[in-house]
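Below are two complexes that have subunit A in common, paired first with subunit B and then with subunit C.
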Partner chain A sequence: MKLLQLNTAEGLDLRQREILLGWSMVIPSVLIILSLILYPIMYNIYLSFFDVQPLAANTYIGLENHKNVVLDPGFWNALVTTIIYVVFTTLGTTMMGLFVALVMNQEFPLRSLARSLILFPYIAPVISVVFSWQFIFDPVNGIFMDITYERLGLFASRFNLIGSPSTAVWVAVVFSIWKNFPFSYLMILSRLQAIDHNLYEAAEMDGASGWQKFRFITLPEVYFVMGAIILLRMIWNFNKFEEVFLLTENVRVLSVYTYFKAFVGTMELGQGASLAVIQFLLLLGFILFYIKRVLKW
Partner chain B sequence: MVKRSTASRKFLFFLLVVLIVGFSIFPFIQMLSISLKYPSEWGTPNLIPERLNFEAYKELLNIGQRAKHIPESVRNLLNETPDLTQEQRETILKKYTSTGDVFPFLRYFYNSFLLSFSAAFITVVFAIFGAYSFSRLRFPGRSIIQRGVLFVYMFGGILLLIPLYKMFVGIGWIRIPPGAFLSLLIIYIVQTLPVSLYMLGNYFRTIPFSIEEAAMIEGASRFGTVWRIIIPLSFAAIVTVFIYCFMIAWNEYLFASVFLKNFKELYTLPMGLKALFTSKNAIWDRIMAASVLTATPVIILFMSIQRNLSGSLTAGGVKE
Partner chain C sequence: MKKCIVLFAVLLLLTTFVWAGGQGEAAVEEDATAVEAEGPVSIDFWTTQTQSDRMATIQVLIDTFEALNPNISINLVAVDENEMATQINTAAAAGTLPGMIESAAENAVAFGSEGLLNEQAITKVINDIGKEKFYAGTLRLNETASKGSYYAVPFHGWVQGLWYRSDWFEEAGLNPPSTWEDIRKAAEYFYQPDENQYGILVGTKAEAYAEQCFTQIAMANGAQLFNADGSLIFNSPEMQEAVEYYTKLAEFTPPGPQSWRARDYYLQGKMAMFFYSTYIMDDLALEENAADSLSSENFADLEGKSFDPQLVQNTRLAATISNTQDAGYGTIVSFGIPAHGDQQKIDAAQRFIKYLFTPNAYITWLHMAPGGMNPVLKDIATNARFQNDPKGIFQHYGAEKMAEIIQGLDAIETFSIVEGKRMAAASTIYSKQIIPQMIYKITQEGMSVEKAMDWAENEMRKVM
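Right, the complex of A and B next:
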């Protein structure tokens, strides 16, 4: 038997053998992705049409879940919160990344140390930094209230900034910018380093000011990479769960809202599935719009 | 054109750098500071504690806990009644060393490490062969695979959470601790596989084909070339991808919170820390010490691969 197989393998020409080898090496990964990513997504769409119980059988209820989701004001609140969160974190992260990249592209002593230190927020586990941020805004002990209330007298009394959803969303935005700006910074910096120095020298000879050099040389060069960063950031932040939920449960962006619907209290898994589908479709539409209109691909 | 004096320019620039670095690392300094402060000092904004307090670390790492919890009177009683049997002594001591309300940090650390290490290891093995296949071999369907890997970037965890939960409930794994642990391991492999395939694929394309050709002329098989040429040549990249996967699994909270909810002894660090914060043990110094101990291994790992990692990050090989 073994000899026979060997013979058939011998009988194949080089090209066929390459095809066989290629598929046999990639097939485990393909099977994993098909069965545990693509199948679950299809299954999720299927579940959104059912009343899903954690342990019992599902019953078909048509569009009931989708209707319940859309008629719930909580969903619209979550959508608005998500849009605020995504827009401000994306803009903030990209702007700060660009600014820091411009600064770190200059020569100064201890530059490599500074470059390592500013990556800390990005690499540290979310869970290990959220408590420190909560402490900073803690009404009794935190340094934020110490400065704004005790020293500057900006507020009438100490209060918990993370406590109410309307202010907590801004803490979540600042936290996300702090956590993720190093990624934009790294991408933009590597693009900056690739810009030809002769361009700047030529511009200086023509008497260009610092702003003009930035506007007409640097900005066009980083334009494309910034477009890509903004796209990635929007996709990631639209789906963001941990960075919001672990910092404060008060900020109900869509992912957090879905999590609470599906796994806290009555466990409305069917509605959760429906929410996940709606969230995905919103994201998809948004990406298509962005690519067509903003990046003009 | 009048230029500001270079000295003041330099000073302003220096201030800017200090501000940026300060903004980045202030929360880390804050947590280190609180983890070493006595409670009476928490309200003062000074970052350097007046007196160092290592109690939180000792408690988390279970150093010298045994003697501490036994009240003086009980210790005297034990010393003054020599006719107690060894067994009786043990029972009395046990009452005071019960670790019921102490945060089992080492246990959670071990769970997290076991999960992250196994997931990263298995992922990297699959990814080496998968990535080699679609970056080096020509076969029908390879461009679909390549693009499919990129497409997976768009799916957030929340989209997979409910169907995967139903699937693993369906096969009955969630009800028993080993099943729950294994489901989570499989999920972490799935979550890290696409990005690993992508990063390694990008790297393998940079290795000149002529090196492989030379080995094959010498009579090495294709598998032999992968084993003896590709893996040694891209060892640094493979380690980087491994650590990257390790970090993704180490940080994961969403799936862990759903799959391990009922098994306290299986909690990973993020689960444990979150539970510690909401429990009666929520004391700032312990929370901060636990934060420091959770962040440290990741930061050390990162420092050791920094050059490679920034390279692969800028190549676009990241997923959040």
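Right, the complex of A and C next:
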């Protein structure tokens, strides 16, 4: 109603005008969010109750899709793979980011050059680095097998590290850590630079060791930034598709599993929608827990 | 904060549940029938020729056509063959079907039987060109269940077979690999992983290539998906033998899931045999084509070989594989007009397809990959200009060998035609890649043959 009164704004008092101004400024973004984010989510939830046929009418089947998904061992495998992937990549990127940030916070020659070079994996386009990785791990021509098997004799035979379902997930984990640690590094480094040097000097006066300085000054200072990075990384990697899918189709994390379920082979679109809903709820539950317990909001 | 989110999520679920609980969603397909007056029209053409040099050649043909037909503009879109089914199904659901597609005949039949292609429009094109001008076998692969009506028009095709190192075979005193027994023996003999040398390449990745290798092997054993009555006979002793045999061959391929890309290992002299189409002919004969398969230039220390000019002489093709019977295999690539119902776009697509069949345009297209793209029109096959290709492939292999390959197109057999009857469900099974997924499960995930076949049969029943 208030919007309709835009032309007759003269009749309003100051407070009402403030409210009107506020609404008129947020309405465009609210509309965009509603149409591009909320609508797809709602529609997806709606679809998950149907047997979806792309070329015919959808039939309402209640919770059948959700039941089929949960009873499928493939789903549980995908969930376990996702948990492995998320836990190890998050730990890896954060530890690696922290370590590199601590090193890069020291004074040494060419430091600024080194700092920018470290960002390279993060800014390189994913498709080109994926191809290099595939070439590195090619069982017949790749340099990895050439060094480990041909030259060093570490393995009994050549094998396809990136292709075999059992090993591919670890390659995907290492790839993700290598690709994404610079983000954590950047965030932690900027926090490290803001720590007051007086704190360290005071600690040294009191005879604190290097470890103690790290444990009682550095860590508490970067705690919340690391907490936020871990949360973001977990959300991102829980939904990660392109890095995993492009590198190797054999790592069936939930998003890749959903893609195959919905769009490849028998195209179970309804079950795909149901998988997306389940993934959404799992993530929502985790975020609420994390915010409450770790970030203590 | 927390309460708010939980409340919101619960509300969200409840409202959609109530909303969903109503009735089934009505299908939104509606034919746009209005025929507008002759005006500018623009159509999308989905091609499976995704390589940039081929797209450039097709673009030249489009530009020429557009100059002749100023009212029509054609937008070339590259779609990977393995993605075609996903793409066209989603386009149909979204109401954005393209004006024209190029795809394997097998896929065209699958799309057609789902009602995605316009049979009348394409049958008219075939009749306008003249049915008698086509090789009959290539038309048959595109036919609908009723005679004389087609889902798509064949345009070019390739023949598949087992390519092998004849010099290695002679040295080892082995028979050419055209029977099951000889292939297995040779694959085992040449499989020397310690030397980084492999016996054979068969597809073990869940892609169309695996199905192409498998089909020829299964047919050589008389295994079929359907009998003439149209009932599924996948789980037969013949099929099981074929799967077991294929699994055995897979042990002699390079490690991990492999696809056609692994033919590079052959070009590098690290493999004895590989299933491939006649597309390989220019890669074998021409150094510039082989270049992207060879790594020695960039990695001098790796044991990649440089281009071997002798390779073309030392490579032979076993086009027929046999065990209990002879089996040849290949693929016809066809044009289809999707069922979008827009008459103006149909006219434009029909006109463009007919243009592509005119000798100049046709030969330009086929010369993109001499040997790989073979004509389906009889008079083009004997056309002197066609036989004088710029890459010199005809000279390299001799006109006789080429004629043999083109003849092979006429005799292609697939799972989807049994005793002259069209099995549309077999094409759907092909397009859903059920057999490649089964092969992947067995060779990469270690599932037993029986279990994997049960799984595949179950999936097949789902799509029928």
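Criterion: the second predicted complex is superposed on the first by the 268 of 297 C-alpha atoms of A that agree within 3 Å, B and C clash if a C-alpha of one lies under 4 Å from a C-alpha of the other, contacts with A are read in each partner's own complex, and residues count from 1 in each chain.
To be clear about the criterion, a contact is a pair of C-beta atoms (placed from the backbone, for glycine too) under 8 Å apart; a residue touches a chain by one contact, two chains touch by 3 or more.
All values derive from a computational prediction rather than experimental measurement.
After superposition onto subunit A, the partners subunit B and subunit C occupy overlapping space and clash.
Shared-chain residue A:78: touches no atom of subunit B or subunit C.
In the superposition on chain A, A:146 makes contact with both subunit B and subunit C. In the superposed model, A:86 lies in contact with neither subunit B nor subunit C.
In the superposition on chain A, contact of A:159 is made with subunit C only, not with subunit B. Counting residues of subunit A touched by each partner, subunit B versus subunit C, the larger count belongs to B. Residue contacts after overlaying the shared chain place A:114 against subunit B, while subunit C stays out of touching range. Of the two partner chains, neither subunit B nor subunit C is touched by A:173. Of the two partner chains placed by superposition, only subunit B is touched by A:36; subunit C is not. Contact with subunit B, but none with subunit C, is seen for A:100 once the two complexes are overlaid on the shared chain.
When the two structures are aligned on the shared chain, A:263 is found in touch with subunit B and with subunit C.
Of 22-30, 76-84, 400-408 or 418-426, the segment of subunit C whose C-alpha atoms clash with subunit B in the superposed model is 76-84. In the superposition on chain A, the residues of subunit A touched by subunit B in one structure and by subunit C in the other are 41, 54-55, 140-141, 143, 146, 263, 284.
Note for the complex: subunit B touches subunit A at residues 13-14, 16-17, 20-21, 23-25, 27-28, 30-31, 34, 42-43, 45, 126-127, 129-130, 132-134, 137-142, 145, 148-149, 152-167, 169, 186-187, 189-190, 193-194, 197, 222, 247, 250-254, 257-258, 269-270, 273-274, 277, 284, 287-288, 291-292, 294-295, 298-299, 302-303, 306, 310, 313-314, 316, 318, 320.
Residues of subunit C touching subunit A in their complex: 1-2, 5-6, 9, 12-13, 15-17, 19-27, 29, 86, 89-90, 92-93, 114-116, 193-194, 196, 198, 205-206, 254-258, 262, 264-265, 268, 270, 295, 299, 301-304, 432-434, 437, 444-445, 459, 462-463.
By the touch criterion stated above, subunit A contacts subunit B in their complex at residues 15, 18-19, 21-23, 25-26, 28-30, 32-33, 36-37, 39-41, 43-44, 47, 52, 54-55, 100, 103, 106, 108, 114, 116-121, 123-129, 131-133, 135-136, 140-141, 143, 146-147, 178, 182-183, 186-187, 190, 228, 232, 235-236, 238-242, 245-246, 254-255, 258-259, 262-263, 269, 272-273, 276, 279-280, 283-284, 287.
Contacts from subunit A toward subunit C in the complex involve residues 41-42, 45-46, 49-50, 54-60, 139-141, 143, 146, 150, 157-160, 162-165, 249-250, 263-267, 281, 284, 288, 291-292, 297.
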